[in-house]
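Can you read through this structure? Questions will come right after.
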Amino acid sequence: MEVFEKWESEIRGYSRMWPTVFTSASNARQVDEAGKSYVDFFAGAGVLNFGHNNERMKRAIIAFLEADGIAHSLDMATTVKRDFLSAFAEKILGPRGMTMRMQFMGPTGSNAVEAALKLARRVTGRQDVVAFTHGFHGMTLGSLALTANDYFRNAAGVPLEHVVRLPFETAPGGGVRALDDYRALLADGSSGLKPPAAFVVETVQAEGGVHVANGEWLRAVQQLARDVDALFVIDEIQVGCGRTGSYFSFDGMDLDPDIVCLAKGIGGFGTPLAMNLVKPEHDARWSPGEHTGTFRGQGLSFVAGREALTYFDDDEFLAQVRAKGETMAGALRTIAQDSGHGFDVRGKGMIQGLDLGDGALAKAVTTACFEAGLLVCPCGTGGRVLKLIPPLTIGDDDLAEGLEILAFAVRATT
Amino acid sequence: MEVFEKWESEIRGYSRMWPTVFTSASNARQVDEAGKSYVDFFAGAGVLNFGHNNERMKRAIIAFLEADGIAHSLDMATTVKRDFLSAFAEKILGPRGMTMRMQFMGPTGSNAVEAALKLARRVTGRQDVVAFTHGFHGMTLGSLALTANDYFRNAAGVPLEHVVRLPFETAPGGGVRALDDYRALLADGSSGLKPPAAFVVETVQAEGGVHVANGEWLRAVQQLARDVDALFVIDEIQVGCGRTGSYFSFDGMDLDPDIVCLAKGIGGFGTPLAMNLVKPEHDARWSPGEHTGTFRGQGLSFVAGREALTYFDDDEFLAQVRAKGETMAGALRTIAQDSGHGFDVRGKGMIQGLDLGDGALAKAVTTACFEAGLLVCPCGTGGRVLKLIPPLTIGDDDLAEGLEILAFAVRATT
Amino acid sequence: MEVFEKWESEIRGYSRMWPTVFTSASNARQVDEAGKSYVDFFAGAGVLNFGHNNERMKRAIIAFLEADGIAHSLDMATTVKRDFLSAFAEKILGPRGMTMRMQFMGPTGSNAVEAALKLARRVTGRQDVVAFTHGFHGMTLGSLALTANDYFRNAAGVPLEHVVRLPFETAPGGGVRALDDYRALLADGSSGLKPPAAFVVETVQAEGGVHVANGEWLRAVQQLARDVDALFVIDEIQVGCGRTGSYFSFDGMDLDPDIVCLAKGIGGFGTPLAMNLVKPEHDARWSPGEHTGTFRGQGLSFVAGREALTYFDDDEFLAQVRAKGETMAGALRTIAQDSGHGFDVRGKGMIQGLDLGDGALAKAVTTACFEAGLLVCPCGTGGRVLKLIPPLTIGDDDLAEGLEILAFAVRATT
Amino acid sequence: MEVFEKWESEIRGYSRMWPTVFTSASNARQVDEAGKSYVDFFAGAGVLNFGHNNERMKRAIIAFLEADGIAHSLDMATTVKRDFLSAFAEKILGPRGMTMRMQFMGPTGSNAVEAALKLARRVTGRQDVVAFTHGFHGMTLGSLALTANDYFRNAAGVPLEHVVRLPFETAPGGGVRALDDYRALLADGSSGLKPPAAFVVETVQAEGGVHVANGEWLRAVQQLARDVDALFVIDEIQVGCGRTGSYFSFDGMDLDPDIVCLAKGIGGFGTPLAMNLVKPEHDARWSPGEHTGTFRGQGLSFVAGREALTYFDDDEFLAQVRAKGETMAGALRTIAQDSGHGFDVRGKGMIQGLDLGDGALAKAVTTACFEAGLLVCPCGTGGRVLKLIPPLTIGDDDLAEGLEILAFAVRATT
């Protein structure tokens, strides 16, 4: 570790929580230099939905490399990008009747959100954007203004503006009532509030502590957006691409967002990719090249990302996701019950959270898990919620082993 | 192309300029579906310093994949990252006596700039940052505030604030005098100006139109930063990693920046990577995880990026870069002279610009080049400057062919 | 009127509503050039609590002028200012056990609010200030940011920032619940909200439509301010100086504000004066001359303002105010009842509002009143509320006549 | 003084510099409680151009009061306001061929500037305004953003934005060259600067340290404003109304401002009044009542202000101003020369400054003057410049005595 201590920035975080040097990884396993193998319930912060070194993707990438495929193309047209576009249109958009355009930008989720904000402001001619308490949308100045957590916000060094903050459905004062109150304010010419350009919402707040919104509330948000001529934007970066048991986390909720932000799992293999889905009438408001980014055309990500889409050719894979999610939720409920501490369990599909109510405790459990061979990471305010987001492809054995380690660690720590 | 027209966002740009579908690429050549081969004087906007599908890097990446190396690790410690850190410290920092820490963030140049801004504001407790006319620093809200071009700024939809704009050395009213005027303003308690957190400068403005600052002016900027207790930040994203004939564009200039922003070429192969070099006393001001980003630990980029560093084991490679740069500059001067239009030629090493003084003309030349088999792209205000940034590894034949096509295209168009 | 049409700015407002040229005025009467006399239920927008050309004040001013008293002194010490300070301390502050310091600034209410904002931000080191829907606090950029009405805000031409808007007690979503929701947000480190520097509230929103807060809610606002270490500021500009039946509108409510903003009635005669009362521990944070203003030391206003304080030597005057207020409220209730339209009547002491629910109707009634010899002015969103604020010194006959005219005008119009 | 120390805010300033209690004043004399008489070279910070208790104005005000004239009328039409409008149109605007509209707002200079900013932003649809180093324009948030002095700016507690700062003509880096540099930046689509809404300039910076701009530079500012479609605004608040030897300080300079801000001397007697002159085509952009203010229609100020205009019926008064200005300048030059310290003397008409180069020294001279019976006040950065702005009506004896005291005080102190 001394190389890291000597040369890497003090800002490093995960390497402090998990103080070992990893050397290889496969599906839901990471192995360190000492040969110790860890079950991975973190999956690269939700990137590796299809596991480390997914064999099908790996083979496809190597074949692509050997054929001198174009690894980097900005937004030039390439065959590999065309294949991805076609596959996404055919497998994901088509069956849902979605006609949205695919926009690529810098390959991070933060970039996707920044591009969505620019477009929403362009379309509406307005500046303020509604975001929700406990929301997480990125680290660059525009997306950071939407992110709620103080720890991240305090690093900005400048005021974070043009955001109206409403309570998330499950937060104190939240729910439809808060939306109604805000609607009343907007209807009032003496409220001192201007109508917003967009409502940006996560269906499941992942970093924010695994808070799951229900369809009714999300529809109320969408309806409010429609009523005040604002765009309805779903930040699907962490919980899209199958994580919740459907391809989009909002599938089946009767929602029709104007923009959907995707990143993390969309590139399949862990190589960067971000993509916004944008309704054509809004997309037409872009002029060419107005929001660019060097690393837009990532060939390896297109190859692996296209491979990832084959998991959704039928419902079998997603049925397994839902089943494993049930297994995870059940195990967590048992842990919570056994603890006698009334810990809260929340989640949907294969994102499940165990709210220990206390960051120090969660950190201790995290450490105990690490020592016992499980990578699991806290989230939420003060880091009080253990968030379980294993690869969707995790084997039943590894899943069971990981849950057992977690149960043991909670028992040992509380 | 119809897939792109139907499904991709209207924001696409390069695919309009170069309306063909590329399928493979090798070193300084891109080939389209029709089998037509193009000399590449664009190199992925300066990413591909070591060419498309650099053989050594490709082999290293495939080996890494086959060994189930860790492709995505956030900021966990991995062997592949350690190797990169060590190599960079040994080959680049050590010989220069630099003790800077390496910080990884979201893998785009814009992220590197955003992180530098946060840190400069933290260190100084100030908000305003000095940037220069014609500067380009990214597309997210913090970096976009530094970017000068109106076309990009107008897409923000909100005010871009906390930036003081000074003329770049070569701009009207620029030079040391403008720095002196600003220094006088800062020294004056009734100027209405607060001292800045940082001066962020490119030694060569690439997107801005290939404007080359000389050492004297850069040292004056650095001295002014020192005198007003601001940080001196070099945005080395497009012209670092050997582009100008030395590893850093500022090598040999007696400069000692507080932060250096790197991206593009640092990952070697075209896969995303960004890295800031930060003086330890500033870096110590970060708390763990204050500026995060999902795609921080890019294994493939570390593998290729480390391979790239071997080009700098001795001066042979850079000597070739300088020689090719001379060839390019000479050819451009001839073109300019033959044209009889007094076109300006500017550049350093293997970034060279031909200022045609008119965006429409530059566009026409670009199209003529494309048709004749050369990818070259305009930059600068209104797109009036043809910027030549071929892979540093381009063969002499390809370089010659490209320059001949360019000469032909200029003749045919003007 | 042609002189006004030819030479005065198009921004003129009252002269359009009341298209005649006034030539003299006495107590609650204004007379125009044609000799027509109007009962004045407007009192210079609440300035003339003691009537036009109050005889006692007039005599005192003339004596002061004849003695070459100092009419303009900035913040030099003058005998006339000392007399005012002493009288205010003795008659107003002393009996209430208040030890607040008196601060003079530019002689407008807007200036008082701007100074209060500066001090609250200084004391707390925070930027955001809580203001309420329908609040009115002035027209300069700092106070305008607090003002809620869109018509005024839209004239700013720049974003109005650093204000958090909460619903006033009587607004939709208002009341203690909204305060509790906001308290919960502030307590949540992932709410994205920073604690405010101050809560600025009117006990009765005058311009905003005659909305009267009750003591319980105001105490809850004060308590919330205390709990989050923010200042509690009462903007008493329109409803202080006896208007509501006590000297301060908040007398007897068990409130202890950090800053009280006064203007309008404080100068007695209609000549400009503004004054903030500031708790000494906050006041100590000012450095000399940090918030200046040319027209601070207004001798004539000190003379008349001191004279005005004699009205509060005992409770007789205020008892009359309360009695006349009852008369006004009773008459308005009768008007509302007779109309059969269920108009709302709101108010406290001698500020009473008749909410006609419709701006066009209110304008028509205003015009009918004017023609019949009564000056009364609409307020609130879209101007739907007739606000009755006659001089507190109005004679019973004039009060009765004015109320009769109003009743007639409502009958004639609805 | 103890009443002030006990009850008045710590922010008081002048009463610290001149620690006595004044009781009466006449023309250029102030008398304190002890009967000591002071020559007044300060004139209420430039308000009292026509002296304390100007006899003609006093008689007119008393007659107006006795006749129950309307002291306070907001923007209702009154006979006294009409008389003022007519007289100003006839005596000032007409002879100059000016067709500007007169706009009244809150009666402070700061309000005049705030209104001018709103209108300039409305007319142009732009936000940024150009202001100059050492400029002083007021204390409310909008005008304060234009004010340059750090001491005042630091009290704001929020960022002061939407202002572009250029060096004043006489500041380091100032002059026409700085305007040309700025023009070049605006012409450059990659400068990162947007065109401004207005240029706001003082012809003589009074608070800023008595810096006098010449006509050539002012015309260059105006021309630049014209060329970039911005408004040209002259802040004439301290040096208008005859101060410089002509009614407007810019008379005879071939200037044609879009807006002229007036306050201080316009009301004649020291009672508040502010007025903007606005070109009709801009004025037409106001909607009624968009920028209001309680204390708009100040009857006493209209009476005295109209009386003040009679001083400009012919050139005799102004000829005296210019002659006295020469006397002042000559005396200051002698003082500077005798001191042997090379003090700078600057000014125009009856605003003259002696730049002592050091605030502590200026303060010592101010104190010595006070003790010897002269009120003179420092200005400029750190208070290093003694600013002489006696009433324009000062008698030759008082002027001579004041200058002698000043000479003595400088000798005694340096």
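Details
Which chain is which? They are A, B, C and D, in the order written, and residues in each are numbered from 1.
In this section, a contact is a pair of C-beta atoms (placed from the backbone, for glycine too) under 8 Å apart; a residue touches a chain by one contact, two chains touch by 3 or more.
Source: prediction; values computed, not measured.
Steps from chain A to chain D, minimised over paths through touching chains, total 2. Same-residue interface: chain C and chain D share over half of the residue numbers found at their contact. Centroid distances built from C-alpha atoms place B farthest away from chain C. Computed centre separation for the pair chain C/chain D is 30 angstrom, with centres defined by C-alpha atoms. If you average the CA atoms of chain B and of chain D, the two centres end up 51 Å from each other. In chain C, 127, 151, 159, 161-162 are the positions where the chain touches two or more neighbouring chains simultaneously.
Two chains count as a pair here when they touch; such pairs are A-B, A-C, B-D, C-D. Residue ranges on chain C touching chain D, taken from their complex, read 1, 3-4, 6-16, 18-26, 30, 33, 44-48, 52-53, 58, 61-62, 65-79, 81-82, 85-86, 88-89, 101-111, 114, 117-118, 120-122, 127, 139-143, 145, 151-152, 154-158, 161-162, 197, 263-264, 269-272, 276, 278, 283-284, 286-295, 298-300. Listed in rising order, the residues of chain B touching chain D in the complex are 127, 131, 133-135, 146-151, 153, 159, 161-163, 165, 167, 171-173, 177-178, 180-182, 184-185, 188-193, 208-209, 380-382.
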